[in-house]
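Each of the next two complexes has subunit A plus one other chain: subunit B in the first, subunit C in the second.
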Partner chain A sequence: MTNRNILIVLALAALMVAPFVVYPIFLMKILCFALFAAAFNLILGYGGLLSFGHAAYFGGAAYICGHALKVWGLPTELGILVGGLAAGAFGAVVGLLAIRRQGIYFAMITLALAQMAFFFFISADFTGGENGLQGVPRGYALGLFDLSNNITLYYFVLAICLGGFLIVVRAVHSPFGQVLRALRDNEDRAISLGYDVERVKLLAFVLSATLSGIAGATKTVVFQLASLTDVNWHMSGEVVLMTLLGGVGTLLGPVLGAGVVVALQNTLASGPLSAWVPVIMGTIFVICVLAFRRGIVGEINALIKRSF
Partner chain B sequence: MLADLLGIPPQLLFGQLLLGLISGAFYAVLSLGLAVIFGMLNIVNFAHGALYMLGAFASYFLLKILGINYWGALILAPIIVGAAGIVIERFLLRRLAGVDHLYGLLLTFGLALVIEGLFVKFFGASGLPYPTPEALKGGVNLGFMFVPWYRAWVVVAAVIVCVFTWWLFERTKVGAYLRAGTENPTLLQAFGVNVPLLTTLAYGYGVALAGLAGVLAAPITQVAPLMGSNLIITVFAVVVIGGMGSIMGAAVTGLAMGMIEGLTKVFWPEASATVIFVIMAIVLVIRPAGLFGRTA
Partner chain C sequence: MADSILQTENLTKEFRGFTAVDSVNLTIERGSIHALIGPNGAGKTTVFNLLTHFLPVTRGAIRFNGTEITGMKPAQISRLGIVRSFQISAVFPHMSALENVRVALQRKEGRIFQFWQSERGLSRYNARAEELLDMVGLSSFSKALVADMPYGRKRALEIATTLALEPELMLLDEPTQGMGREDVERTTALIKQVSAGRTILMVEHNLSVVSALCDRITVLQRGAVLTEGDYATVSADPRVKEAYMGKAA
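Showing the complex of A and B:
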């Protein structure tokens, strides 16, 4: 076995044992946000497109999955799938509009359309307004395993998030991923080589939105709640922070970033600094942008490259 | 009358139109500032909403601590906010020269979180009252509607600011330099113009406009830490609709979007929060560069 394979096996073993060591709900929160950040990184890190509206897919899917499970009584995995597909459909609409502009405009358009979604969820009847959609049943995985047990649920969530992550890895290493990176680095050249740049961008955007939706829907199952926090623009900023902190354009960076941010928020929220959370998050943001643009994984990679 | 034909009482129609005009005045002044900053720095200032809030808080403290009234605040608060902006540009944004402009957006986003977070921490999320200046209390009855003097003043002030900014950019030497800096900063620097200073001043002026909008808003909306947080996203949509090409384009689009929002409140209240975003989507389909924008 190569070193890389050994590391993968060790990581998987750690993930299997983790819920017996650490509080499973906390782990599942990290897993959901890790998938969210990895999906977001697909278009920021590999496509060079900054979406500032990814909360719409995460939070939108959270609501739709919650509604599907609670009111329509769908099986859990189907509910999550419905949430993800709905997010992908909305992502297709936003993507079609947003890829008409580049750079900063792209960010503003995705943000504005996500804000529109936010206003929709605030006023729609089924979302429960300020209270959120509460008491979503967790149900059974494949109709067999009772998900009200946190350990069982953990393995269910782990399977979904690992699956989503593998899709991201596969997409990045596919010819499609190569084209995506090519147009990030030099869009004009990619066009001149005959690639349908708009189609590639849109496809990446829809894939990213769908996986973000799956992450949000899974989060609803874990917490049995979908709320306005999930769909607010602060959430869009949070996923940017996770990706930036971990390392834009690296596969493991967003996962690590999500872990750090969620762990930090959980630690701070229960301590004396709870009122300072937005200030601390903002400060980390500023420091990352000014001095730490490669992120944790990016810095480590650079260090390894320099040493060998 | 048209309004009667549609079964809408004129008081309601004109009342909402006036409210729309007021929001439009704020959209105009805020998107004007964003356009000025974008021109020189090529960044979208996400901290604009936070600095607008800072303007409102500055006028509140000027009154509470120093006893300086509204008219003094109208001059001083934009200067204070502008000075804060100069510090931000000089010590933070300047460091991002040469990296992707998206980092400017992310930096100002982080700053917005810090500034708004600090104010929420110390003043809570609810608003503080700011009195309407004595001279602008009351209003005038136009027969078909009642116009409070202060609201009329906000619209007039916004128009003055827009016209002044247009004059500054299109008719003065500094404005010519700024426009040249937008086109080609390297060449301008080669002619011996101090471009970094110009950039700092442009950022300072842009955020001073946000501060001014904050002072104008203080007697209307109350002074609250998150007053600019959602507003700024609507202003982004306004900027996308207008395109960032021209000063007047930003101002006109701002006022127009406010009026449309006001009209929507009369005819279809549920849609009033989203109408500007829908218009943005339509404009992107028909004219991706924005109504007044130049295609890159």
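Showing the complex of A and C:
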């Protein structure tokens, strides 16, 4: 217990000094994707449902937040919140349609609806089409701190992503999280105890979509841009990869997975292998699925368990 | 006629032309222990699946406390007070025994969707959960991971979890299946004990358990009711001997 607290304090300290050591934009990108993956893990790892359309919540919120900040002139926090809530609302609609299906059917419905969202964003006027929604103002945090400063922005983004992550942690360790665990363990028994499993899963799905939206909206503020990349189905695949690589159903796994994937992409993109990024990512994906399904954190946990 | 808690009327289930349950008329008397017996494949588990709507009914009606429940959702039926167990042990293996019982208590108290609260608040149910574990002889297992518990203990845990909901009608599908003699005796005594103040419908292959516990017995054969009565009547029936006891004895 105390050991864990020490680790938490060390991690927080590292996060505080990080922007003075590493390029802040890069760190903020990792933070946003870490929250996205942690939110996605809530539905895959704890709800046992593979959504293949999470780009719709991430990217949809990115556009809506961008529009809210640029055109409506909302304060930054509010713009991010609006993006997250919109993603949650869309998640509720998708969830209602998909939650009764299992396995591949669930994945297909979520993908199909996410593609509809993609076509909406590609043809809607406010999104800027292929060019994306550019020049989104970063604004001020709490109306006071100028977010055009990257270091200031970093702490702002850190606060949002940590807050989002804590919501995930709390949800997992809440009465609701206990129900999710039971449901994942033995769905029929949960039903026979009187649980409406569809409503339970729907709540997990909406939470996941909302937090994915917060992540996407925050990303818009960082890059001052929302683009088709954010809503593309590649993005849905990427978050699956991050979660699997880090360790599905573990709290830290998706965060770590996001860090590894973003770092890898950034390193490769500027090198001679840039054209091969999709192939390399695909290979990692295959290795993950075939050789170490538990992911990095899952494997480490298993190793610790075995050695005690 | 005596007060009945559950009634079925021409309850029928067909699987692609194969009739697994064939016009079954069951009346379960309130406060009784009622056995459903019959050879393998007779349709006993399917009857349970129909009563709890884990499978949709093809034809017929089910009434619980006088109201028609046909067509409801399984979770709804559970909340009305009909709680089933399963033929293979139904527990939450990656949770502790205490947590298993708590999951049931949580549902009853409506603490289902609170994702913003700490799970530590659930400790308010610990006392009641321990009490239930104690009742089924599992007090020493409360912290144990259920996956590591012996089979007989898992079945006892299942009963404790079901009892947490205080169901009016308990459906037990072969509660002593796969148990050693000692566990069978313990479970029999346990069922007797918990039957006070409630109704139990159980599927059971072990006839000494049936004779020790059950007030009334319905014999199913190929989906249809062969006969019904108390143990003496049923066991004396030559057709039952032929269909069922011939195989068991």
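The rule is simple: the second predicted complex is superposed on the first by the 307 of 308 C-alpha atoms of A that agree within 3 Å, B and C clash if a C-alpha of one lies under 4 Å from a C-alpha of the other, contacts with A are read in each partner's own complex, and residues count from 1 in each chain.
Heads up, the rule we're going with is that a contact is a pair of C-beta atoms (placed from the backbone, for glycine too) under 8 Å apart; a residue touches a chain by one contact, two chains touch by 3 or more.
Note that the structure is predicted; figures quoted are calculated from it, not measured.
With the C-alpha superposition on subunit A as described, subunit C and subunit B fit side by side in the combined arrangement. Figure note: vertex subunit A, arms to subunit B and subunit C, all at CA centres after fitting on chain A; angle 80 degrees, rounded to a multiple of 10.
By the document's definition of touching, neither partner reaches A:G129: not subunit B, not subunit C.
With both complexes placed on chain A, subunit A has more residues touched by B than by the other of subunit B and subunit C. In the superposition on chain A, A:G177 makes contact with subunit C only, while subunit B stays out of contact range.
By the document's definition of touching, neither partner reaches A:G163: not subunit B, not subunit C. Of the two partner chains placed around the shared chain by superposition, subunit B is the only one that A:L97 touches, whereas subunit C remains out of contact.
Contacts of A:F285 after superposition: subunit B is touched, whereas subunit C is not reached. By the touch criterion defined above, A:A107 reaches subunit B but does not reach subunit C. The superposed arrangement places subunit B and subunit C with a least CA-CA distance of 10 Å.
Shared contact residues of subunit A, touching subunit B in one structure and subunit C in the other, are absent. Residues of subunit C that touch subunit A in their complex: 52, 54, 73-76, 78-79, 83-86, 90-95, 99, 102-104, 106-108, 111-119, 121-122, 161, 165. Residues 50, 52, 97-98, 100-105, 107-109, 111-113, 115-116, 119-120, 123, 233, 237, 240, 244, 275-279, 281-286, 288-290, 293 of subunit A touch subunit B in their complex. Across the complex, subunit C is touched by residues 170-171, 173-179, 181-182, 185-186, 188-197, 199-200, 203, 207 of subunit A. By the touch rule above, subunit B contacts subunit A in their complex via residues 38, 42-44, 92, 95-96, 99, 101-103, 105-107, 109-118, 120-121, 230, 233-234, 236-237, 239-240, 270, 273-274, 277-278, 280-281, 284-285, 288, 296.
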